[in-house]
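Each chain carries a letter (A, B and C) given by its place in the written order, and its residues are counted from 1.
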Amino acid sequence: MEQTAYRLTDIAARFGGRVLGDAEVSQVATLDSAQAGHITFLASAKYRAQLAATRAGAVILGESDADATSLPRIVCAQPYLYFARVSAFLNPPAQAVAGIHPSAVIAADAQIDPTAHIGPHVTIAAGAQIGARSIIMAGCSIGEHTVIGEDALLYPRVVVYHGCLLGKRLIAHSGVVIGADGFGMAPDAGRWLKIPQIGRVQIGDDVEIGANTTIDRGALDDTVIEDGVKLDNQIQVAHNVRIGAHTAIAGCVGIAGSTSIGKHCRIGGSAGILGHLHIADNVEISSFTLIGKSINEPGSYTGIYPFSKSEEWRRNAVHLRRLDGLAQKVKMLQQEIEVLRGENK
Amino acid sequence: MEQTAYRLTDIAARFGGRVLGDAEVSQVATLDSAQAGHITFLASAKYRAQLAATRAGAVILGESDADATSLPRIVCAQPYLYFARVSAFLNPPAQAVAGIHPSAVIAADAQIDPTAHIGPHVTIAAGAQIGARSIIMAGCSIGEHTVIGEDALLYPRVVVYHGCLLGKRLIAHSGVVIGADGFGMAPDAGRWLKIPQIGRVQIGDDVEIGANTTIDRGALDDTVIEDGVKLDNQIQVAHNVRIGAHTAIAGCVGIAGSTSIGKHCRIGGSAGILGHLHIADNVEISSFTLIGKSINEPGSYTGIYPFSKSEEWRRNAVHLRRLDGLAQKVKMLQQEIEVLRGENK
Amino acid sequence: MEQTAYRLTDIAARFGGRVLGDAEVSQVATLDSAQAGHITFLASAKYRAQLAATRAGAVILGESDADATSLPRIVCAQPYLYFARVSAFLNPPAQAVAGIHPSAVIAADAQIDPTAHIGPHVTIAAGAQIGARSIIMAGCSIGEHTVIGEDALLYPRVVVYHGCLLGKRLIAHSGVVIGADGFGMAPDAGRWLKIPQIGRVQIGDDVEIGANTTIDRGALDDTVIEDGVKLDNQIQVAHNVRIGAHTAIAGCVGIAGSTSIGKHCRIGGSAGILGHLHIADNVEISSFTLIGKSINEPGSYTGIYPFSKSEEWRRNAVHLRRLDGLAQKVKMLQQEIEVLRGENK
């Protein structure tokens, strides 16, 4: 894992910004752990004490902090975004080593682009297609007639069921399951009758899906993940959900069937959204919040029970089961006070 | 994926109902996306506008909507259930292609029914048994002495540990883990001593288990899933839980150890049930609700913090930590009003 | 699965305690299901009725219950811990059968200890190391330069990404994913720019990780799990989290990025902890509780919305959105009563 070194002036030539002093850097690091040869960043003035102590070779910072250090530095408008760009430049994604591992089992009519990499113990079923420069790592399983775009990266043990359409530059982490049956069944005299799930999963370009996240296939129509959506680990996306472009969802969120989420939304960890709802664009949902009604206006929404010491919680929470009673009592007190006031007049 | 076509009269001969007009159909679809050759359904009168616009070849609907369209149609008592039956008929489950893939690793004394299908990179350990017509897809791992019944379908990368008993017609989606150790340990001078988990998992007939769901083996006795239980994705079932027949559980639910859930229950997504509880038959638990005490009566139970705009939530939630104080204050006000009333007399 | 039999006196010679009567036992069991040849335990006097009915060959119990049965028994200070020790003695962990399955794909320069066991369809990448007596079961994937200590046990289909350091006696259950990318990205003109995750995962000794749990690699520095930590199933540990030694976390918990949790904590199922927080040592967090602020004092913390019958919940919960109004109203009533009292003087 040798890293190539670049001068700050090389970096600024590529990404802009003002260079003060110069240095050679080959890797990014935090203020605390950076060493010579590392470039770090100051995202906020509140970390100035750590900046004073850093052993970094260079720093990325904003105009207002330009003089906060005498280290070689790049001054720019958005230090965190700049840092992200530099890191992406210094740590480019792995390149596919073209070829199919002999232990992989590939259907005769599957179409594997000759520039793709297929790892050990992969299974690719009949009629599936793998795009140029895509990397399918060890033990993945790709179902019949599923299509995977160019430059995709599937980490070990990803499963994609049959008939799904996955876009370009998809990153799917280990344990992801795409296209399993949605949870669809009809009650039938005390038993459940399974409804065949004949829709597909469609995933746009530039989507990333975290480890052990599951995206179910549609019941009749498709489940759809639009371009640029970012899903963290252990998210559950039920059948016929649609997630709008560039929406980001943190870990452990559950989204029930047929719900549609807008573009550019942000959903916090362990939140939930009930089924058959519509969430507008640019909605922010807090962690641990259950959305039980459609949201038509952009904005920030929350429903979290605040924690406290357990004995304090116990004392308070008991009143939640009598809150209606308490509200009625207050109403009655108001009326009684009205009467008393009248009498006093 | 050629679909066979059937006349409405063929379908009604099989499933009952009254045919008005006739047509040939080969697949089911939603009102919105149906085309000629598709049969759709009207589950509720509120979709009549979509019915008016559908291009479906035929419709399934109830008596009260019998005249809502002039399309060829089947009129029946329970349109959604009827539709489910037609869909199951038009989309029969895959049939096992008998045989063992050469890349599978099968213990010499494992008993694989000759009609079963064992996919690539499957591992089947010593003493395991696979029933007639069962399909074990790519990369599954079946532990020692585990028994899988007839007509089971294990999607790619399912793991079943040793010594488990799985019933007939089991469907287990990718990433399911059955029989991992329960979370059992004894505190031992600041450390945790692992308690061997020597129970098994027993699963009845006609159970379906969603992607990445985990069912732990029992500590001493067994974890038991009864007949007809339906589990969605990413559910966690701890050791020694019992789930009663025909209970359905939505995604991301967690059930703690030794809890017993009745028959015909319905549990909403991301709900939780603490350990060592007993839930009666026919209980319905809402999404996102934590059940912290046993439930002895059938009925519907909820505990959800309602969401609102974040600033509104902030203004309101702060009082939850002083709810007891508020209730005491109201009590005092009542007493003071009593005094004032006395004085006014 | 033949079990060796031991006399109670053999067991007491090893683990202490006072033997009354004697018997040969070969396995542990619950009071209810124990048979001759089984040793059971009484953890609490409330199970005395079951003790009276047990068919066990012998019982482990505390001094205060020493005379509660006439069965052969071991009397000791901590019956549950004693039972755990006896169970561990009677059910020792599997021993590695040294060797590499021919279907495994091992990089030429990977260092596999000759006493280790590598199962079928395992992939071990370049530069990885597997310690003495470790067992890597079917279908695991170990990334480049990852190091796994001695006596580790990885159940089927565990994935460890590149560059991670895993300690001795690690137990990782099926579906665990260690070292996937953290959820790190910078907003960039309405899109998300991925930030390379170049940190690692470091895991200490004697850690157990439940099925389908995910532990992300650090963004820049490492994610760290200290010695003796026990993680249940389906837990999500985000990038740069640190979990202190001997902390135990129940199923379905989500821990957001850069949070540090102390030693000897206990966290209940489906709890959540937001990012960039610090949790002190010896903190207990209830199930289903979201921790949104750092906790500096040991103790027990809770934030659970109590469940009730759904119609009762509906009546009460509506007031949560007007709680601030209710509190204001009570304040006004107090003032009005003050006025009335003044008038009455």
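Some observations on this one:
Throughout what follows, a residue touches a chain if its C-beta (ideal position, glycine included) is under 8 Å from a C-beta of that chain, and two chains touch if they have at least 3 such contacts.
None of the values given here were measured: they were computed from a predicted structure.
Annotation: the subunit A:subunit C pair of sequence copies touches via predominantly different residues, less than half of the used numbers being shared. Relative orientation of subunit A with respect to subunit B corresponds to a rotation of 120°, obtained by superposing CA atoms and rounded to a multiple of 5. Mean C-alpha position of subunit A lies 25 Å from that of subunit C. Touching of two or more other chains is recorded for residues 103, 121, 139, 157, 175, 212, 234, 252, 270, 304-306, 308, 317-318, 320, 322, 326, 330, 333, 337, 340, 344 of subunit A. On subunit C, the positions that touch subunit B within their shared complex are 1, 27-30, 32-33, 80-81, 83-85, 87-88, 90-91, 101, 103, 119-121, 137-139, 155-157, 171, 173-175, 206, 208, 210-212, 228, 230, 232-234, 246, 248, 250-252, 264, 269-270, 287-288, 304-311, 313-314, 317-318, 320-324, 326-327, 330, 333-334, 337, 340-341, 344.
On the side of subunit B, the complex with subunit C involves touching residues 103, 105, 121, 123, 139, 141, 145, 157, 159, 161, 175, 177, 180-181, 183, 185-188, 190-196, 198, 212, 214, 216, 220-221, 234, 236, 238, 252, 254, 256, 270, 272, 274, 284-286, 289-292, 299-306, 308, 312, 315-320, 322, 326, 329-330, 333, 336-337, 340, 343-344.
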